[in-house]
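For reference, the structures are reproduced in the following blocks.
Both complexes shown next keep subunit A, but they swap its partner, so subunit B is in the first and subunit C is in the second.
Moving on, here comes the complex of A and B:
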C-alpha cells in the first residue's frame, strides 16, 4: 500500500514538473532583460506593462470572453433540451443523438471553417455574418465535450426517476427537468463548460479563417506579438494562462458550492 | 363501503407483450392494499397507471368517483414513494419534504409547520438538515415517505419502497409505514414481491400473476385458502403435489371425507403436518399418514423446516424449535396431515 502511494506521488510530481516547466521558463523569460549564460539578469515588469497597456490586448481578451459565452450557453441549452426530450420521451433515440454529437470529434478546424465559408459566404442575412458563422462553428466544436459531460452527469442522477418523483409532487415534466434535474447535474455542466472555454480560448484556426478581420482573440493577438517581441509574447502567454487560471478557479468554486451536501458521509 | 379507487378493464401492452390483461379492481377508502406477485407480473405497471406515470392501453381509472384516466400525474393528487431512493440529491431533508408544498404555493409559515410535523412523524427530526447522501437507506425512504405524505394526497402509492433495505430495518419500517398510514387514515397501495411483507402490512392482498389478479383476499384468507396452484405456491410455502403422486406415497388406510380422485393437485402447509419417530398407534380417520426420511433440517430461528423424502417426493414440514424433539438427518419419520387442512385444485 505504502509502495503504491509512493509511486503515485512520484508520478504526480513528474507530471507536475512536465506541465510547469514551460510555464516557469516563459515566466522567467518574460521577467528578465538578458541572460548571463543560463542565469537571468535585469529583472523588469516592462513586458507585462507593455501588454497590459496595449488596447489591442484588452480588446482581444474581451472578444475572447464574449465569443466564449454565447456558443457555450447555446450548446448547453441545446444539449440539455435534446437530452431531456430523448430521456423523457424517446429513450431509444439516445444512441442516434450520441452519434450526432460525437461526429464533430472527427472534424478538423480547417475543414470545418472551409465548409462553413463555402456554404454561407456571399449570402445575405443573419447567417452571412462572420460572427454568427464563428459562433456556429464553436457550437459544433464544443458539442461533443458538452454532450458527454451532461450525459454522464444525467446518468449519475437517475434522471427518469427524479422526473417521476418531481411530477408526483406537482411539477410538469419540463418543469421537473429544469427545477430538479438541471440543479443536480450543474456540476457536470460547469465542468464541460470549462472544457469548452479551454477549447475556445485555444482556438486559432477557426477564428483566423472565419472572422479574422472582425474578431481578434487572444491566440491571434499572441501570434501577432510573437512576430514582433518574444519577451512580450511570453508575458502575453503568462497572462493568458493567468486568465484561464482565474476562470478555472471561479468555476471550481461554483462547482464546490454545487457539490455541497453531495459528499458521502 | 363505496370503492375509492377503481380500475376498470385495464389493459397494458408494451409492444407485442401484454403486461396487464383486463384488470378489474376496487380499493376502499382508508385501506392499505397490496399488489403482490413475482417480477414481471405487472404490479408496478398497474401502480404507475394509477399514478399517471404510465398510460393504460385501454380501460379506465377512477379516483373518488372521478375518471382520472387522462389526468396528468401532477394533477391527480397522489403521493408516491419509489423503489430506489428518489430524494433530490441537491436538497436536504427539509427542502425535499417542502418541495411539493412550495409547488402548491402554500405560505412559508404553513410549509415550515407542516414540514416539521411530518419530519417528526417519520422520526427524522435530528436529520432534517442532512442531505440524502448523508442518510442511511431507511432514513432516505422515511424522508421520501414524509415528502409524499406532507401534501396530504388522496392516495399514497408505495412501489417496493423497502426492497433495497436490509432485513432488520425493513421489518421496523413495515410496522412504521403501517402505523403512519393508520394514523393519517390514508388510502395506500403497496407493491411488493415479498409475501411476508404483504401479510404484515395489508388490509387486503391482490395476488397478481401474468398480468391478472389471481386472487384478492384478506391476508389470513389468502394464506389459509389459496384459490389456485399458483397462489398456494407463492403464499405460505405450501407443499403442492400431484394427487396421484400423493396417493402413491400414503401409508395405511385412506381417510374419509376427501375424494382425491376428482382433483389433480393437493396442497398443504408445512406447519399443519404432525411429525413423529414412531408410527402413531391410532391414526384418526381424517388424517393422511405418510412415511419418509429426514433429508435435511433447516433452522429458521423459532421454527425448524424439515425436508422429508417420501420416496421420490419431497415434503417440507415446519415444527416449532424444541431442543428435546429434534430429528437427525436420515431418521425415519411418520407424517400426519389433517385432511381438512388440505386444499384440492
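Moving on, here comes the complex of A and C:
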C-alpha cells in the first residue's frame, strides 16, 4: 500500500516536470545573454526592456484587450436573454439552443474562420469589415463556454423556482430575472467570461485568417518577433504566460469562493 | 396569453441573428461551396476527387490523422495514470498538480511552439546539452518532423485530458476496491477488471475531445513548420488566405473531410462507449 502511494507521487512529479520544463527553460533563456554551455551566463533584463519599450508590443496588448470586450459582453447578454426566454417560456426549445451552442466546440477555429471569411470577404460595408468579422467569430468561438457557464449557474440557483417566487410576490418575470436571477449568477458569469478572455488571448488562427494585419494581438506579435530575435521573443513569451496565469489564478480563486459559498448555503 | 408569450420570442432574436450569421450560414456555405468548381462555378464532385488524388492532400490527411491519433493515445494514457495518481494521492501535492494543470491548460499555439523551439529545436537547449553530455536521443532529436510534432502535441493534450478525466474518478468508490481486495484481487486486477471498464465511457469521450483538439490545432503547427509538413488545417487555411486566389471549392472539400473525420471519431467512440455502458464488452 505504501509503495503504491510512492509510485503515485513519483508519477505526479514526473508529469509536473514535463509540464514545467518548457516554461522554466524559456524563463532562464529570457534572463541571460548567453546560454551555449550547460550554465547560462550574463544575467540581464535587457530583453524585457526592449519588449516593453517596443510600441508594437503596446499596440498588440491594447488590441488584444479591446478585441475581447465587445464579443464577451455581447455573447453574455445574448445567451442570458436566450436562456431566460427558453427556460421560462419555451422549455421545448432548450435542446436546440444547446445544440447550436455546442457546435463551435467541434468545428473549432480553422473551419469557422475560413467559412466566415469566404462568406463576407467579397461584400462591402459593415459586415465586410475585418473587425466585425473577427468580433462575430469570437462570439461564436466563446459561445460553448459562456453557454455552459450561464446554464450551470442558472441550474444551481434553481431559476424557475426563483421566478415563480418573485411572481407570487407581484413582480413580473422579466423584472425578476434581471433583479433576482442575474445578480445571483453574476459570479458564474464572471468566471465563464474570464475563461473566454483566456481563449481570445490565446487565439491565433481566427485573428490571422480574419483580421489580416488590421488587428494584431499578442500571439501575432510573438510570431513576428520569433522570426527575428529569440531572446526578445522569450521575454514576450514570459509576459504572455504571466497574463495567462493571472487570468487562470483569478478564475480558480473565484471558483473556489463560489463552491465554498454553495456549501455554506 | 398566447400572444403575450410570443412577444418573449423577441428576446431570442439576438441569439438567432448571431448564430445564423456567424455559425449556421457560414458552415452551410462551406459545405455547399465544396461541391462547386473553382474554375467555372459548375456543380461538381471534382473537389473531392482532387482532395483524394493529389499527393499533397493525401499526405496532409495522413499526417493529420497520424499526429492526432498518436498524440491523443499518449495523452489519454498519461492522463489516466496522472488522474489515478491524483485519485490515490490527493493532499498537498495533488493540489499543486491541479493548479499547474489549470495553469498550463491555456499553453498552446504560438507560445508552445516557441518554447519547444528553445528547448528542442536545432540549436535548442536540450539538444546542445545532449551533444555535450553525449546523449544521442537528445542530440539527434528532430522537432521538425511528424514525430517531433506528435511529441509537442502531447504537451497540450496532457492538461486537457487530465482535467477532463479527474472528475470521472470520483465515480470509483473506495468500497469497490476494498471488496475486490477481500475477494483476492490485487490492485492491478481491480483496475483492469473494474476501474478501467467503469471509466471507459469517460476515457472514450475524452479521447474524442483530444482527437478533435489535435486535428484542428493550427497555430502550433503553423509556427513551427510553416508549410514544410503538410497538415489538414494548414492546407485549409492556405486555400482561403494567402497570395493565391481564394479556392472556395477545394478548401470547402478539405474542411468537409476534416469535419467528417471528427464526426466519424465521435461516432466510433460513442459506439464503443455504449457497449461498455451495457456491460457487453466486459466478460
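Everything below uses one rule, namely that the second predicted complex is superposed on the first by the 222 of 265 C-alpha atoms of A that agree within 3 Å, B and C clash if a C-alpha of one lies under 4 Å from a C-alpha of the other, contacts with A are read in each partner's own complex, and residues count from 1 in each chain.
One rule holds in what follows: contacts are C-beta pairs under 8 Å (C-beta built on N, C-alpha and C of every residue); 3 or more make two chains touch, one makes a residue touch a chain.
Note that the structure is a prediction, hence the values are computed from the model and not measured.
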Applying the touch criterion given at the start, work out whether A:158 contacts subunit B, subunit C, both or neither, answering first, second, both or neither. first
Touch test for A:184: subunit B only (first), subunit C only (second), both, or neither? first
Subunit A: partner with more touched residues, subunit B or subunit C: C
For A:115, using the defined touch cut-off, is the partner it touches subunit B, subunit C, both, or neither? Pick first, second, both or neither. second
Identify the partner contact of A:57: answer first if only subunit B is touched, second if only subunit C is, both if each is, neither if none is. neither
Output check: A:169 vs subunit B and subunit C. Expected answer is one of first, second, both, neither. What do you get? first
In the complex of these two chains, what residues of subunit C are touching subunit A? 5, 8-9, 11-12, 14-15, 18-19, 21-27, 29-30, 33, 78, 81-82, 84-86, 88-89, 93-94, 96-97, 99-112, 114-119, 125-126, 128-129, 132, 155, 158-159, 162, 187, 212-213, 216, 218-219, 222-223, 233, 236-237, 239-241, 246, 248, 251-252, 255, 258-259, 262-263, 266
Note which residues of subunit A are touching subunit B in the complex, please. 157-158, 161-162, 164-172, 180, 183-184, 186, 258, 261-265
In their shared complex, at which residues does subunit B touch subunit A? 51-53, 72-74, 78-80, 82, 84, 86-90, 92, 99-100, 103-104, 131, 133-134, 147-148, 151
Mind pulling up the subunit A residues that touch subunit C in the complex? 4-5, 7-9, 11-13, 15-16, 18-23, 25-26, 29, 35-38, 74-75, 77-79, 81-82, 84-86, 88-90, 93, 97, 100, 103-104, 106-119, 121, 136-137, 139-140, 143, 198-199, 201-205, 208-209, 219, 222-223, 226, 230, 233-234, 237, 240-241, 244-245, 247-249, 251-252
